[in-house]
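Letters A, B, C, D, E, F, G and H name the chains as they come in the text, with residue numbers starting at 1 for each one.
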Amino acid sequence: MTRELLEGNAAIASAAIAAGCRFFAGYPMSPFTGLLESMSRELPGVGGVCLNAESEIEGVNMVLGAAAAGTRAATGSCGQGIALMQETIAEAALNQTPFVVFNMARNQQDYFQCTRGGGWGDYRTITLAPKDVTEAVAHTQLLFHLAELHRAPVILYGDPLIAQTRVSVTVEPVDHGPLPDRDWVLDGTGGGTGRSRQVWTWAMGKATDPGPGPDRHWRAVADKFDAIAATESRFEQAHTEDAETVVVAFGTAALFVEYVVEELRAEGYRIGWFRPVTLWPFPGAALTAATTGARRVLVFELNAGQMLDDVRIHAADRSAVRFVGGVSIAESGLAYGDLMDAPVIRDRILAVLPGGPAA
Amino acid sequence: MSRERITIDTSGPPRVPARKVADPRPSLLLGEHSLCPGCGEPVALRLLLEVLQELDIVQRTIGVVGHGCYGSFVRIMDVDVLQCLHGRAPSCATGIKRVRPECAVFTMQGDGDMANEGLQEVLHAAARGERITCVLLNNGVFGDTGGQLTATTVLGQRTKTSLAGRDAETHGYPIPVADLVAGLRGSAYVARGAVSTAGGVAQTKRMLRRAFETQLAGAGFSLVEILTMCPTGWFVPANEGPGYLGGSLEQSYPLGELTT
Amino acid sequence: MERELVVTGVGGQGIQLLAKTLALAATREGRHAMLTAEYGGEMRGGPSRAGVVIGDAPLRSLPVLASAWSAIVVHHRFSEPALARLRPGGPAVVNVPLVDPASLPDMTVHPVDATAVARSVDAPQAIGFVLLGAYNAVTRTVDPAALVEAMTELLPPYRRQHAPANARALAAGAAVPAAPVGLPAGVAR
Amino acid sequence: MTTPDDTVRTSRGTLVIDTEKCKGCDLCVLACPPEVLVMSAEVNEMGYRFPELTPGCTGCTACQMVCPDFVFSVYRLTPPPRPSGADPSP
Amino acid sequence: MSRERITIDTSGPPRVPARKVADPRPSLLLGEHSLCPGCGEPVALRLLLEVLQELDIVQRTIGVVGHGCYGSFVRIMDVDVLQCLHGRAPSCATGIKRVRPECAVFTMQGDGDMANEGLQEVLHAAARGERITCVLLNNGVFGDTGGQLTATTVLGQRTKTSLAGRDAETHGYPIPVADLVAGLRGSAYVARGAVSTAGGVAQTKRMLRRAFETQLAGAGFSLVEILTMCPTGWFVPANEGPGYLGGSLEQSYPLGELTT
Amino acid sequence: MTRELLEGNAAIASAAIAAGCRFFAGYPMSPFTGLLESMSRELPGVGGVCLNAESEIEGVNMVLGAAAAGTRAATGSCGQGIALMQETIAEAALNQTPFVVFNMARNQQDYFQCTRGGGWGDYRTITLAPKDVTEAVAHTQLLFHLAELHRAPVILYGDPLIAQTRVSVTVEPVDHGPLPDRDWVLDGTGGGTGRSRQVWTWAMGKATDPGPGPDRHWRAVADKFDAIAATESRFEQAHTEDAETVVVAFGTAALFVEYVVEELRAEGYRIGWFRPVTLWPFPGAALTAATTGARRVLVFELNAGQMLDDVRIHAADRSAVRFVGGVSIAESGLAYGDLMDAPVIRDRILAVLPGGPAA
Amino acid sequence: MTTPDDTVRTSRGTLVIDTEKCKGCDLCVLACPPEVLVMSAEVNEMGYRFPELTPGCTGCTACQMVCPDFVFSVYRLTPPPRPSGADPSP
Amino acid sequence: MERELVVTGVGGQGIQLLAKTLALAATREGRHAMLTAEYGGEMRGGPSRAGVVIGDAPLRSLPVLASAWSAIVVHHRFSEPALARLRPGGPAVVNVPLVDPASLPDMTVHPVDATAVARSVDAPQAIGFVLLGAYNAVTRTVDPAALVEAMTELLPPYRRQHAPANARALAAGAAVPAAPVGLPAGVAR
């Protein structure tokens, strides 16, 4: 494929289709809307279906149905819309239906929503937070693989800078390796065989072939998430080996932090940065290692301090953790405010560094 | 009690020449249900399974079941089934049907599931003309949670949350789901039956059959509302269920086909 | 090398389309481009800003530009934050008389009376393309033909009929900036 | 009401009643057109009374239709046994 | 263009004897709106505010406004207002009305808000016979997000998510909200107007007035669906809005009163 | 009032009414249903309104409306039903509408749901987790006060052992002290005055009197929650002064843990227990103090490890934290499984204590 | 179509036009029954053309009714000025 | 002093009502009572269990009883977990012949043929009250009159007509347990 100038939303849509997504249902909400529009434009051409779901709840349940029937499927929204999907995302995690949720958020204030959720029960959602459009394309393709590999709903946590920035990108199918059998798929052929299939959060099974029931099933699902936590965390870092100050940031904010930290590094500051690429599972062990020698662990996020919890849990020395982020919203409510800006971030970091570069 | 009664031996097949005209249970049933004595829902289940068998679509059918007493049928129907969230069955069924148009897709939902939690789901699916068949088991109460007022509880009906009977002033009017659905252009077949009498049972089965035929013909959305007894949620003895149904639900929700 | 352009004006002036055209033209030439956008919540008359970055290798610029090399200033209103980011000495194409060239003291200013130029080629709606044509003539960012192609590609089917007028505007704009001067250039008067 | 006379009239049908499945709801009794089903005095394992068949079944399947617990198999007798005793009513 | 035109000075009040017969804006308006040229929604807002004033209920009115372009009216109406979540206005209004029965309570919602996200809310409120007045601004698109298909987009209409025009096969049929609501027993007054012509504007205002009168009389639920132009979401020039409305929305949604 | 034998649900309903609750809207869901039934029975008699909301979303929005109009109001549900309310709970937190949510949960698997939520934006919800019916009655009354004091939705996190256990209780009105002015209440009288009122998450104000807008407003709300975090945390503990082992548990599980720990203490073990009474704000400083001398901090909760995060953040020594809880569900899915039982808990605790009582 | 003759016929009404509020949508022009509104050649501060009134206004308020931007005050002239010139049309 | 009672049987046997009656009677006498319940998901025929704790001071017992002093065993099915918690020596009223008294070797067993007793007083549905009457006679937990009052109070209006039959059952049950014996007591036969 040639390089195209694509809005992030359109690039992600291309990536989803390249990853085999053939069903999409969504409801407009800025800045996610462009992704829905791209899907509605592109999917029919590849034999897929894009539905204008009448609401987020209906959309995510259509997707749950399509996914249970064996199709790679996705939905998306942001903020309030994702809040409305909580019940269903939890349900899918517990009944093990794989699909992708594109959370093209308005800001970074939904870290808890993605990583702890407001669904019910013991479930987790793999959440990738790309730093730019190019990475969002890669993450999208990876996510369809992870969803199916682990039979779970997964989240891409984007933002306006991902959704609405246009960049030159190339989208090509990626092979992420083999996947397990899909013998759980509902295709209708089980009827009358005595071995008809069932997708059911309670996992009671059939009278002739009882399932584990909720006690054992939910424990098994919790164990599965523990296993995912142990293997699927991803991160990126630089200069942490000798850094006295490590700045932790996720998503596009990490791009800004990287920019500022590299600048400061060039000026002689012993500073490094750490970025959780997966917000869940949080790369805790890596963060512990990255902060072992640090005197200061700064957390920069565009919210009131949410990832802060995970950093506090995993920083080598909890007392070294300082929050330097904050809530910052454009007047429209639809984008970041002034804080998402390299010079401002630079000032915030310098404000907590005692003295000059030597420190 | 005192009069002698001649009782025929019914412990095994007759020893005189005879032809079996009705089996107790469809072969797609995998076990016993645990619903209350006199409940109407198992009858509806039987009809549904018989229709699938008679139309010979058992091996290309996918069911989506909501939350209510009928939810436990998931354990005993030999059909591929998604147990979905309360109210969401029509959306799940939509997703399934759109990616597997060759399958027959149905939902089984109660009045609480369809007229309360998921009213919007079924109406939107009907308006879209989704080629699915929704089956509403309407007993006018939340049976599974013990008999509270739903959007279909009829005026005057006593429930645990309308102790003095449903009163329009406070609780509003009951919603005739089938009528509402029939008013949407995407609806190709809409009917209302009841399982309170043998005749009603036979009629309801014909309705279910036509609904699935409509779906298979690709004509659009189909819905069969089935009035079912819930003696437990109505606080009446099991044997008063059919009479209660006839005097309450059936008065507000006349039986018959609503599409032409 | 990465070069940044900021475009600033008010909603409805065609700012997004102008910026998109440049970024697409660069992409079509095999370069790397990024187009950052800020939409106000309101539909019209609010601030409209775009940033374009073009380079020969994968870009390092942030999606909120920390600083910029060049500017197209379509309207003075709301322009302050964008102008504050300009690195001194770079080129700035400004729409006179709506913008006062003196407001960019450190830049190499190219004033263009875009309204007049656009009207002169019977393309009154294409002010943005006049300025883009001028900017490209000054900076030689892309082949002028690539701009015309990109502009045409970007028009939705129901607006395709505006392509020739836009092309005229691009060409007319390109013809304006003889040299960066202190006085507005424009149609001969 | 079943009278002693009725009990000997013709049965055109008969049943198999899986009494252990019965939950004693009475619906079959209410539904039976010739009123030939009566509830037992005893209870089954679950403690429910269950229907018993008296003569006069027509094999109409009404009982099977309405039974929520899938208790009945219905048979039509072929050929119908001769009337024995009183005038066959029309 | 070339012909000389006599233009009357309209910069100030006439200097000849004259009686003012129409004010540009109701006094309850606190400032300018920022909606698109040719948008129909501000006209509906004006009518609503005028009716509140004429009925003299301004100081006992509470509004509940949903999410759509009209959402920004919250800033300019001099009325106590709850800006609620997308689709939820009828429920919020219910809560308000039940605890403040002496107030007049209205909702202002778009088609996306009422027919999509919140279809169930308005139907349930209508069935309950809530004494509230719901105002639906129906332009057949999500205007605020740039013109995508809603549940009321008419067949054939091009939107950003039905590029080839709404096609029943793929996108289903449009939902006539007022008709659906009128079919519920709790509905006391339901009507559909349009602001695309001066006559339509006058008629719509009468409808709004009757709706509030119905509420104040305690008769039940009232709804006025108002067809409004959205040239931006329809991708037509502003001056083609009224014509487009007449040829599309109005064909699917006939104007008039739906209750008797 | 005399002592009555009341099911927890009924006792809570009485307490709510005693606390001035006059509007309730809810949708049945076990084990919450009884609370709705009690409210529907009792509220009309005191001039209140109880609506059979047609769904949880409608219910919570009715409550938001009634509360915005100045009435003490509440809703409730559990698990999936609370998941459906996430969007609205977040909205109410951000537009500052006070009400109470009775989460009569089926188990302890919704700790994240209560404490991090799945709504959107930077919001928190004060969450009280009573250990028994008597305390639930007290908490209910306190919560109506806290909701109004802080203008925020708040949660009572109960469970089947609270909802469905019947105990002899006395419910009496409690005076929790003065409350701020309620000048924000929508009563309709603002119309036409030029000072009409507004309840709006975006806080844009009126054209004649602009509000702070989302950037400043959301930051102010986040600051308010920080202030609440600093003042409203509550806890209970025993024997932590000299405990080598501190067991942390919340809600009814804490009652069992207390029972077992007291037993072990009596047998000579140097063991203590700590119970966060508020789950949010989590009593972090108190936990740090309580665990400063401990070698082992055991976390017992009936889930896959959710409060565990908060304990890790606040335990004096993070490496001392051990999880001894787990998912445990009755076959019905509606109640706890075998793990909620004193002998079983005793075994779990002993399994991680090396040696006997001396240890 | 406005003809030179029309321009001098009677006006029964007149307007105040708040041109700076106008967004140039043309709806008033379309709505005016006697077609006495025409769009200006100039634009206002926001860049929009706005309506101008030519003689013949009846004071019917149609323009005010349809205007989304609340531009018009409408007046009825009292007493109506005498016809001057050509035959008053019925 | 706190005394615990576990009641075990199958759904539909009136177990919850029996337990509720005892707890309410105690509350009405000014004592502290707790009634714990376990409902199965299924409506009938599944396990039904209740625990009643009565004391003179605020209770310390857990809502899932760690151990219990006494029992009423209405049906043997599903009874095992409850019986395993009984402290040896306490009283157990068991419903014979559905329950085998030998299954509680360490308890002081009071067998009652509740079905027969109930039928004998023409209250065939009131098996649970027969057993409760017997239990109360053995343990003297509350005033027998308090039981009748509590029972009557607990009946919903539409079941009020059963009160007299239930009262007869309570009385008949109270008359049974002369002494704890190894053989079923019951109506004279």
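Keep this in mind: contacts are C-beta pairs under 8 Å (C-beta built on N, C-alpha and C of every residue); 3 or more make two chains touch, one makes a residue touch a chain.
From a predicted model like this one, the values you see are computed outputs, not experimental measurements.
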Task: Fewest hops from chain F to chain G - one hop per pair of touching chains - done: 2
Task: Distance-maximising chain from chain F - centres being C-alpha averages - done: G
Open item on the list: Please tell me the distance, in whole Å, between the geometric centres of chain F and chain H computed from their C-alpha atoms.
Closed with: 35
Open item on the list: As a quick test, compute the distance in whole Å between the mean CA positions of chain G and chain H.
Closed with: 91
- [ ] Between chain B and chain E, tell me the centre distance in angstrom, where each centre is the average of that chain's C-alpha atoms.
- [x] 39
- [ ] Any chance you could list the residues of chain A touching two or more other chains?
- [x] 54-55, 80, 87, 91, 202, 330-331, 333
Task: For chain G, residues contacting two or more additional chains - done: none
- [ ] List, in ascending order, every residue of chain B touching at least 2 other chains.
- [x] 32, 35-37, 85, 119-120, 124, 151, 171
TODO: Provide the residue numbers of chain E that touch chain F in the complex, in ascending order.
DONE: 27-28, 30-32, 52-53, 58-62, 64, 74-85, 88, 91-96, 98-100, 103-104, 120-121, 124
Task: chain D contact footprint on chain B (complex, rising order) - done: 1, 3-8, 10-14, 16-25, 29, 32-33, 35-43, 46, 195-198, 201-202, 231, 238-239, 241-242
Task: Interfacial residue positions of chain B with respect to chain F in the complex - done: 85-87, 112, 115-117, 119, 142, 145-146, 148-149, 151, 160-163, 171
- [ ] Using the touch definition up top, name the residues of chain A that touch chain B in the complex.
- [x] 22-23, 25, 49, 51, 53-55, 57-59, 61-71, 73, 87-88, 91, 95, 186-194, 196-202, 204-208
Task: Residue ranges of chain E in contact with chain B within the complex - done: 118-120, 123-124, 127-130, 151, 168-169, 171-175, 179-180, 183-186
